[in-house]
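Below: the structure, in structure tokens.
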Amino acid sequence: MTTEALAGRAIAMKTEARRRQATALLIVAGAVLLALLPFAGVRSFTITLLTEALIFAIWAMSLDLMTGYTGMLTFGHAAGFGLGGYAAGYFAREVTADFVASLLVAELVILSVAVPIGFVAIRLSGAAFAIVSLCIAQVFFQIAVAWRSVTEGMDGLVGVPLPTVLGRTINVGTEFYLLTVLIAGAVCLGLRQLVISPFGRTLGAIRVNEDRAAAIGINVRLHKWLVFVMSWAIAGVGGTLMVFMKAGTTPMSLYWIESGNVLIMAIFGGLGTLFGPVVGAVSFVFLRDALTTGFEVWQLAFGVVFVIVVLVFPSGLAGIVSRVWMLLWRARS
Amino acid sequence: MRGLQSALFTGFVSLLCLSAGGATIAQEPIKVGVLTIRSGPAKPIGDDILAGIETATKMYGRVLNRPIELVVEESLFNAQAAVTKATKLVQQNQVASILGTSTIETLALLSVADRLRVPIVTSNSGSAAITRERCNRWVFRTNAEDLMSVESLRELVEKTPRLQQAKWFTIGHDYPWSRLVASSVKGVQDLQYVGETFAPLDTTDWAPFIARARAAGATAVIMPVTLGVPLLQFIQQANEFGLTGTAVLVSPIGLPDWLVEKLGSTSTNVISAGSWAAWRYEEAWPTTKEFNQAFYAMHGRVAGMQSLQSGSATLMLYNAMTKAGSVDPEAIVEALETIEVNTPVGSLKFQPNGRQALVSLFLGPYEKLDSPRYGATYAQRADPFPASKSLPKSAAEYGCKL
Amino acid sequence: MDWNFLFVNILNGVVYGAFLLLTSLGLSLVFGLGRVVNFAHGALYAMGGYALIAVMYGVGVGYWLGLVVAPLLVIPIAMAIERATIRPIRQRPDVDTLLVTFGLSSMIVGGIEYVWGTGTKLLPPPAPFAATVDVLGNQYPLYRLVAAIVSLLVSAGVLAVIQFTPIGLRIRAITDDPGMAEALGVNRKWLLTLVFGCAAGLAALAGALGAPVFAIHPEMGMNILIDSFLVVVLGGLGSLTGSVIGAFFVSLTKSIGGGYFAEWSTAFLFLVVAMALILRPTGIFGRGRVA
């Protein structure tokens, strides 16, 4: 290799490293900015919608880990979210509303389910995996409807109290919003660290071609299994936040329509990117609210926008943003 | 001198602004939120609920010398979305109250009622828990709850020999309500119960379930099926498969009148186990007649069960605001607790220290009218079954501790 | 053992299976040919139902004429959609066509809601068939039987076309080996558009046939769409024989499940499908293609 090539490589690597640092800073800055909004006079309902959007963003990011980074398309991602909600909500109402405790219980329940199910499910790929995920979620839905003594069936779990942190009750509104921003930011940073790590790179290899990845010695099954479980676990974080925000949940949180919604959010925003799911979730929540208020063409408008985005912006909304971001960096170096 | 002049001028202008402002405030509408079904198979129910609220609003006129502005939001048939929309109504639109909710939405709002802090008056929710063990000071109900309907079913069976000897079967969607209906039939003494079957929630094809009823030899089928188009489809399919020939169909809470019209003569195969309202009550109660006429004038069709009920809830709300003399939520709640109002479903007041209205249920067969009225050719006869019989005990005894 | 009860459930299963077969064949063809997972299939089914009432009540024709015209209206629309939105992105990863069809589904359903509203419309079966017949001592609606027979005949026709006609030969060639087929002179692009249109026509026909039974509302195609996906993946992606077997497998499971397991019937169906896929990920007749 020539000296110029080597030098060029070194510069590229340094730029790359600086760009990575900048992305991490961007996440933190974004979180701080969001946290300041309630104090900047933003309307309270906008904060309510943002809280919901950030909860969905956590859920969508967990989906992105499975589908965007590892290439495992799923039609049943409502399972982790809904299960987390039920577990946390039930525990909060019956035992204690301590947030950390409820979250831990939710995660325990999710792990006890996701580990065995994942072990079997990840043997499948592609369409078969997607359909089996759907089947799993629908079975959970039916269990939620049928196990009336615990879940109260279609009436749903009601009366979940406000969460407490270290004994202090977190009120819905600004306080809960800040909690959500904190957790969403942490999830985003954590996922980012994961995807740029060697583990994350392996996932990329699996996504591109499973057989080839296996051929070069990657333990594909183990990686997919870990991703499956992690994805469910993070979805459960979202579910826990949601059940506290809505003071309850219903079996509909496990229904295939919800799985479809989170898929829309992740894809619309941009699969395989970090900010994509966040952008997608925020867009989805705000668009849906604006378009369903006395406006019966929400589906039509949404569909048109969706088709245009897919045709013209293949990497989703975030693709546009990241392209701009890359351009900026190329201009600088 | 100049200082005094400018001071006087400023004072004069301020006074003008204040009085203008004051006059504007008096004209500023009172916003009332309506959170109901606006799409999907149950949309006709939401249409009726909204129509009833609109009629009652027109009938009552201004409240506290201010016009009423209805802000309508849809709940997307989803409890969690209902909470978001209710929050929007309160935070963004500053509504004084929320009307129009059904069981799903009311249950969801129950959990957050203490955060919303506005009175919620439901007229279409069956779940008894809403005003019993889960009662909440902000949530009022004007329709009869499911456990009250159990009593009216008992009354119906006692009065109808054909039903006493029938072989009972339950077919419904898989809601807790459906199982309550089933257990209420089983709880009636000396009744033959031959089976039950519950269908998954989005079932529209009832063939296997009707087959089960026939295999069990049912001669009375009670149908806790989702109110709306699903119920219509069920009755039509029951007809197609010949079930109506061998069994009488019993509707747990009555049929909406648009459904009765669609069924036509088939409606005479149906018996109501206690409807939440019946427009023919006008034969005994003038307020019902007034409402029916206003409704027909405004909407060109007869007022169905949901409309009569939602209209009643609306009238209770406006009367409470008038009595309270303000739209302060706490004041409205206090007023609601004590008022007694003439509504299209009778003279209504809420249970002392409770949130359930002492409302009648209406029994009677569906029959052909001698002459069409308000555009209807078939309608239910309205024999009232009073709350004194369906809800004899006190709120506290039913588990409501406010 | 109540044999009659079992018989009635099997009969119900076969009737529903006939409808499911129509939609599944279309889905399977589109996937086998162009690797397109067509999420808009349910919306096209709904379009068929609405096209039917538009023709019947807008122009004033009878049901049977409407039944013929409705799919014919949907086919060119579907072909235009394919040309405009799917063909340009065929070279992209499969996920993209999946997404586009998903967006199209929203668009079409939304368009229907815009024009006809969100409520449900009921369509009575055509007069001579609004009766009930006696099937081995059970009263059964005649219309359901007639609609099922029509579906089966059309499905048989489609399979015959695929198996015995020149155009069917080209379709099978592309399904087996697209590159080779094109090298041999098969106009792949045009054929894909045509097949997409015809598949939409099949879905629309199913929607129109099913309208008197299942009622007409914007989301009417969603349940049968999910069932069709189960069928196609179970039967093996791209395999028509698999779709035939899969359709009746799913419909019988659902019907018999409904009769014996009541509210657990759909969960039962999902469990069975999941088991089957875990045991045989490529589906019953799959050729090793899972993605």
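Per-chain numbering from 1; labels A, B and C assigned in written order.
By definition in this document, a residue touches a chain if its C-beta (ideal position, glycine included) is under 8 Å from a C-beta of that chain, and two chains touch if they have at least 3 such contacts.
These numbers come from a predicted model, not from an experiment.
Enquirer: Which one of the chains is farthest from chain C, going by Cα centres?
Expert: B
Enquirer: Comparing the two chain pairs, does A-C have more C-beta contacts than A-B, or is it the other way round?
Expert: So, comparing the two chain pairs, more contacts are at A-C.
Enquirer: Please tell me the distance, in whole Å, between the geometric centres of chain A and chain B computed from their C-alpha atoms.
Expert: 39
Enquirer: Which whole number of Å gives the spacing of the CA centres of chain A and chain C?
Expert: Chain centres of chain A and chain C, defined by C-alpha means, are spaced 33 Å apart.
Enquirer: Touching two or more other chains, which residues of chain B qualify?
Expert: 38-39, 174, 200
Enquirer: Can you list every residue of chain C that touches 2 or more other chains, as numbers and ranges?
Expert: Only 113, 118, 263, 266-267 qualify.
Enquirer: Multi-chain contacts only, two chains or more: what residues does chain A have there?
Expert: 142, 145-146, 296
Enquirer: Which of the residues in chain A end up touching chain C in this complex?
Expert: 73, 120-121, 123-128, 131-132, 134-136, 138-139, 141-143, 145-146, 256, 264, 267, 271, 296-304, 306-307, 309-311, 314
Enquirer: Can you list the chain A residues touching chain B in their complex?
Expert: It comes out as residues 43-45, 48-49, 52, 142, 145-146, 148, 152-156, 158-160, 172, 242, 245-250, 252-253, 289, 292-294, 296.
Enquirer: Would you pull the chain B residues touching chain A in the complex into a rising list?
Expert: Within the complex, chain B touches chain A at residues 38-39, 72-74, 76, 78-80, 83-84, 87-88, 91-92, 103-104, 107-108, 110-112, 115, 127, 129, 134, 174-176, 179, 200-201.
Enquirer: Show which residues of chain C lie in contact with chain B when the two form their complex.
Expert: Within the complex, chain C contacts chain B at residues 2, 4-5, 8-9, 12, 15-16, 113, 118-120, 122, 132, 138-141, 144, 213-215, 217, 219, 223, 255-256, 258-259, 262-263, 265-267.
Enquirer: For chain C, which residues are in contact with chain A within the complex?
Expert: On the chain C side, the touching residues are 37, 85, 88-89, 92, 95-96, 99-100, 102-111, 113-114, 117-118, 218, 226, 229-230, 233, 237, 263-264, 266-267, 270-271, 273-274, 277-278, 281-283, 290-291.
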